[in-house]
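Which chain is which? They are A, B, C, D and E, in the order written, and residues in each are numbered from 1.
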């Protein structure tokens, strides 16, 4: 990335973070070194101290298709980061890099580093299971399993061996039924669904409404106790009422979790996010800043055109 | 429709139109009679004299589902009318009523009248073939036939017996080949596609890009010489560049045709339409007015919230 | 599952397969065997106040054993539990060629055949043929049978030459037969599957050898039973088949004039000099086991002949021949 | 290959993440056992069961301790097994058929002087009459099942209202379930009689009866496969045509059928496959005369089909005769496999066409 | 064709036009049905309908219909009625009539003038060419009515004048068959009725695209109706023939005990009612064996191919192989089993060999349907599970397989329905006694021994009957005397197989509904 000329993406890093104890963050000094050249308006925006995720020099190819073009950015902890941009610009691809869901696409090739906590997840021996437990994901259309509400939520913990509620558990006497009940209730409460489904925990989840299903998917994700939650257009398949509920929920979740949300809907990004990254075609990150800044006074004209609806 | 209380839909009818020679328009006096009760801001908006389509008391049910709730509106000739509203509010259903494509859905039941020109298309013996020739339709995702570009455009006229270009025509000597060539060229020019495809008229249309395909579908629709063109989110599956082309095209088409466009994208509606109808959930028409009015100074708070992105 | 289920234990079943001509005999015998009637039955086996099964009085059954227990016991088989026989007998239906093939492949214990193995396997060596043990259990006089319509139209008698010509394809229409006075009608010459004993015997006895050509055959059926059905369902058919399958009302047998003698069913058709008469065989392979012997011994007894051969319209073996055949069986245990 | 390399390979093949020698050992043991039992079975040894028990033990232990790896290995084995069965059948059929083909040479498929099939004395095994019989019955069957089947498919997918479709579709599928022997029974007892009586056929059993019966039997196959193809034409294409003011029938003729053409052809090909392979109806209806009808097109005559030849003669056949039956089996197998591959190819082409890759 | 000119509702007299056309359609459907009843000998040429003998009635109807069609076509042509007829009839219809012309021309020359095959083909071709040429360029209203009308008049005249009457026959020199009027007349009537109905349907909608649609839909609808009729007739026929035997000796005992000897007894001496219990048990065991063999293996292969293997040449080969296996004729499996399996399974026909052969036949179907349903499990489920950090096997086991199960189960049930009715393989590898007395007792025959293979089951290694074989046995062992027994067996077999199909189809509908609710 030959900086200034081609891209206006900058990430302000507090000076005390540069070269600090955290080696992972320290290596990404490309952005830090350019700090001096930033104009006033940039300096005003300070990311929080701990970057939950830092991405550097990320490129993704689908076969010969260059879907993500040399992106570096840091995603701060316990806040909502929105990714916006027109269709096909690589938002979903970028998001899927953060928990290596791209591994599931045969043609996808990823270069660069993504650090979650202080571990580069693209290093050889990363344990995918552990990674995905830490970085949960919610998809565009609600995709609960065709099982009961309870089974949906307990699914992850059971598979990870954290809950023994099967026949075996019961036979061995170390039945975790009570722990499971607690977990289910906690997750459903966190995802603001408890009131609506507490009396039908054993019904098939496919019988819920779309909005409820999506919140169930969030609850299911919370059940494995992640640090980061990735959401790819979580409300685009929902009606306005359900959308409003999901938006409220996202804001609440940010108190405890790092949330990264892709959205098509600029108003939504404006409403819910703390910082916003604007992708434009070609997989480039055009601007990344505090949400207010992006929507009120963006650096780049293209971003301005885009957020005011002149384009896209 | 118990008017005032339940709906804010009003259609201003110029006084000289009430009870005028056109019996079809004359029968829809419900709206006309309520004119007196309108406040100032309404009176300022005058639809053109000739309503190409007038809908009154339209209800649509899917089984027991009430998808369109007692809608009446008049769509003026040679202009672009946009239908906007959140997902599932019945925009597509409404649109499909205008050329009776709903007939293809077994569970759909339509009540009320829709007049195209001066004929109620829901009267017993309406000839669907004639109706659909007059009211063309362009769909959300481009759906060219798996035939050559030329065959796609000539398809309608050939089926209607207006072109004899088959083997028989050639044998009998009254070959319409030249007329067909002219038609194909005219339609492709009208749909701003001629430059791009003139040298591959005999290639399979599925080989075109998405945007080209969509313009081809518009050309195909023009070839049967319709009065009205219905478009259901014609650009939602396209990239921004193609979208821009389609938008330009729509504005041009409105010089000759009556265009009704459903769109999800409010900016798009603002850019291209002359009047806008806002549907909100439950199949109700909440407001219908000149586009500027709707976007700058809507009557209803809900509409205001919706168009400013506070909601939906 | 219900009561009809077989019990377990005991020796495996005795299996037979082959000739559809012999099938009625062995199949009836198997049914009797499997039913294993008690000695106070009187109808099927044994004797009671109402009667005595034919041939039973020739049998020395001091312990009043059930049928199969008795015949099995002669060769040392223990009675089955309850009414179960000492071992089951299962008889398949195909034709002689299959029986001879299967018995040699040791797929069955007994190969039923209505033609001698030497005719069935004309290419086989002496050595190979020696492995078969031939048990003749009855005699058949193979009749020529026609459709009822043809019979009624006057064809009650044919000469050997006429039959030969029909099967050689020289005569193809009934009107070419002088005695026929019906409407012009093509002849449907029905044959049996190549390799069936009936076919082999017919070729050998009438056409000159087991490999004689029969270009006149229009339809070949697998089993005698099917030939009978075809005859009954047609109005223009002729066929050679086994005695058991003649039904004068559906497929009557015609008299056959051979070398100046006329052979008629019910008169002299079964006589030893009737050229189409033949022996019905139960072949065993590489010796005869006790299991096989127990069953065949029953067939060769007076009781067996009266119950299984006679009712099926075959000719019983005279006592001295039966003794000859019995001599081929292994020693009885008691 | 060094052990580490082997480990590496096994790990890649079965995704064994934790390098664990025991997994590899277990896999090797299981594979060995299976191989042993396969060999034992092929040579007809009575010890086949021993290695199978060993294999089962290995699998049980594997499922207990290394479930993911074992499951993957088992599913791989199942795949190999499926392939092996096909290979076994193919190879065995061909090997068994070779002696007869060698004995007859090309005459097996060209020899037409009487007798064409003689199993004794100077043996002759010409498959010409059987191939002809199969061909004639198949053509007759397809004359019935092709047009009627496609029309039925159109009715179900395009014309019938929902309520009618709900009845007609399962009913026609059910028609596929009627066993061929039932058709054969009806054909043998009723149709044979009827034809002999009313058409004065000189022989019982004729190709035309088999053709009609087999046509009826392959009808449901054609209907359901063609219906799948027709209803996979995207609704948007049909709507596109209708919105231009064409009638439903015009849309069917000009859009739906051309778009589904490959799929419909595939359906007919599959139907042909069913007709070629139909056994019992032909076996019980026909009169098993291994000769050509005269004149060739006399569909009221009697001859043999490849299937009924096998079914009626397997019992008496040995040596070359048996090999000749296998040759008939090979002809059947090859033609039906070719039909299946052709129909698959045609169907794939339809998928591509609909995606604009023509 | 302008909008106004084509607006048929403007022409008031069209009611009459419609009515005539609908009358013609109605009459021709009547002759169509009567044609079938005559062919099935439910009605005969002498049956009197409305005072006319049947053939005369046919003739009268065709004269009437022919005249009606021709006048309707002419009326439209000269403009007495406004219709939407196209300018030309078109090549398609022309070719259709050409084929008809070929058949009619060829047959008429052969029958009437005794011309040989070459001659009639030549004449037929001539007639065909002329027909195509003329019909294609005729205006549509004439092109769709005149040929049918003329043919109809001709056939009507032949029947009414008695040139073709009940005693007419044609004995073609080269075919073995003789064609008698009681067969030929109904057949020709059926075919011509269809044509007339088609033409009448076109007329009734005033020609044009609507008319053609009407004509085509009528024929397609009749075809569908015909298929259902065939199915119902077949089933009813078997039921009517088989029910008396099935219920022979059946009793409704005290309480709820029902005894149906036909399905609970074998064929035994001294037993009042014989039955097919052993065959039923045989079929049950065969099906169980095949399922046990094929289902785990098939699902396993499908899981590997869909979930683990990279889609490439290997999967393509296996896919081709399974498709080929699926269409391989059953007799080929039978032959393979007879020559390969039987010698290895105790060297006699056996249940076990039957299980293997049927299992082999079922296997490809299980693979195909399992693959289909595994593929149709949305990737979202896999993604969702993967995103929770669950490994692939657990995802397959806990999410993918359960979601695919409905499809697999349905497929297996339908497959079982098919193999349960297979005859050829059973005939070759399992059959023994045609009319057994007792059923094999598999469960009771397990024995443990000290030498390999440690477990023995004699019953498995013995021949058995099965329902389809039982029916075959009736045919081979003499339909004459035992036909009723055969119909009873056919009925039970049909009940078993159609039962499987009904369950399979019902479960598919059930699962689909459940998914959509």
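Here is the rule we go by: a contact is a pair of C-beta atoms (placed from the backbone, for glycine too) under 8 Å apart; a residue touches a chain by one contact, two chains touch by 3 or more.
Here is each chain with its UniProt name: A, B = Phosphate ABC transporter ATP-binding protein, PhoT family; D = Phosphate transport system permease protein; E = Phosphate transport system permease protein PstA.
What you see is a predicted model, and the numbers here were worked out from it, not measured in a lab.
Traced through touching neighbours, the fewest hops from chain A to chain E number 1. Comparing the centres of all chains, each the average of its CA atoms, the largest separation from chain E belongs to A.
Between the chains D-E lie more C-beta contact pairs than between any other two chains. Separating the centre of chain D from that of chain E, both taken as means of CA atoms, is a distance of 17 Å.
Inter-chain centre distance (chain A to chain D, centres taken as mean C-alpha positions): 51 Å. Chain A and chain B have Cα centroids lying 40 Å from one another. Touching two or more other chains at once are residues 129-130, 133, 159-160 of chain B. Of all residues in chain D, those touching 2 or more other chains are 202-203, 246-247, 250, listed in ascending order. For chain E, residues touching at least two other chains, in rising order: 176, 209-210, 343, 391, 394, 475, 479.
Contacts between chains, counted with the stated touch criterion, involve the pairs A-B, A-E, B-D, B-E, C-D, C-E, D-E.
Listing the residues of chain B that touch chain D in their complex gives 99, 101, 104, 106, 128-133, 136-137, 139, 141, 143-147, 155-156, 159-160, 204, 206-207, 217, 220-221, 224.
Here chain E touches chain D in the complex through residues 174-180, 182-183, 209-210, 212-213, 216-217, 219-221, 223-224, 226-228, 230-231, 234, 237-238, 296-301, 303-305, 307-309, 317-336, 338-340, 343-344, 360, 363-364, 367, 391-394, 396-397, 414, 417-418, 420-424, 427-428, 452-455, 468, 471-472, 474-475, 479, 483, 486, 490, 493-494, 497-498, 500-502, 505, 509, going by the rule given at the top.
Within the complex formed with chain C, the chain E residues making contact are 176, 264-270, 277-278, 281, 342-343, 347-349, 431-434, 436-441, 444-445, 447, 458-459, 462-463, 473, 475-480.
Interface residues of chain C facing chain D in the complex, by the touch rule stated above, are 94-95, 97-98, 101-102, 122-123, 185-188, 193-196, 210-211, 213, 215, 217-222, 230, 233-237. Chain D contributes residues 161-162, 234, 236-237, 239-247, 250, 254-255, 258-259, 353-358 to its touches with chain B in the complex.
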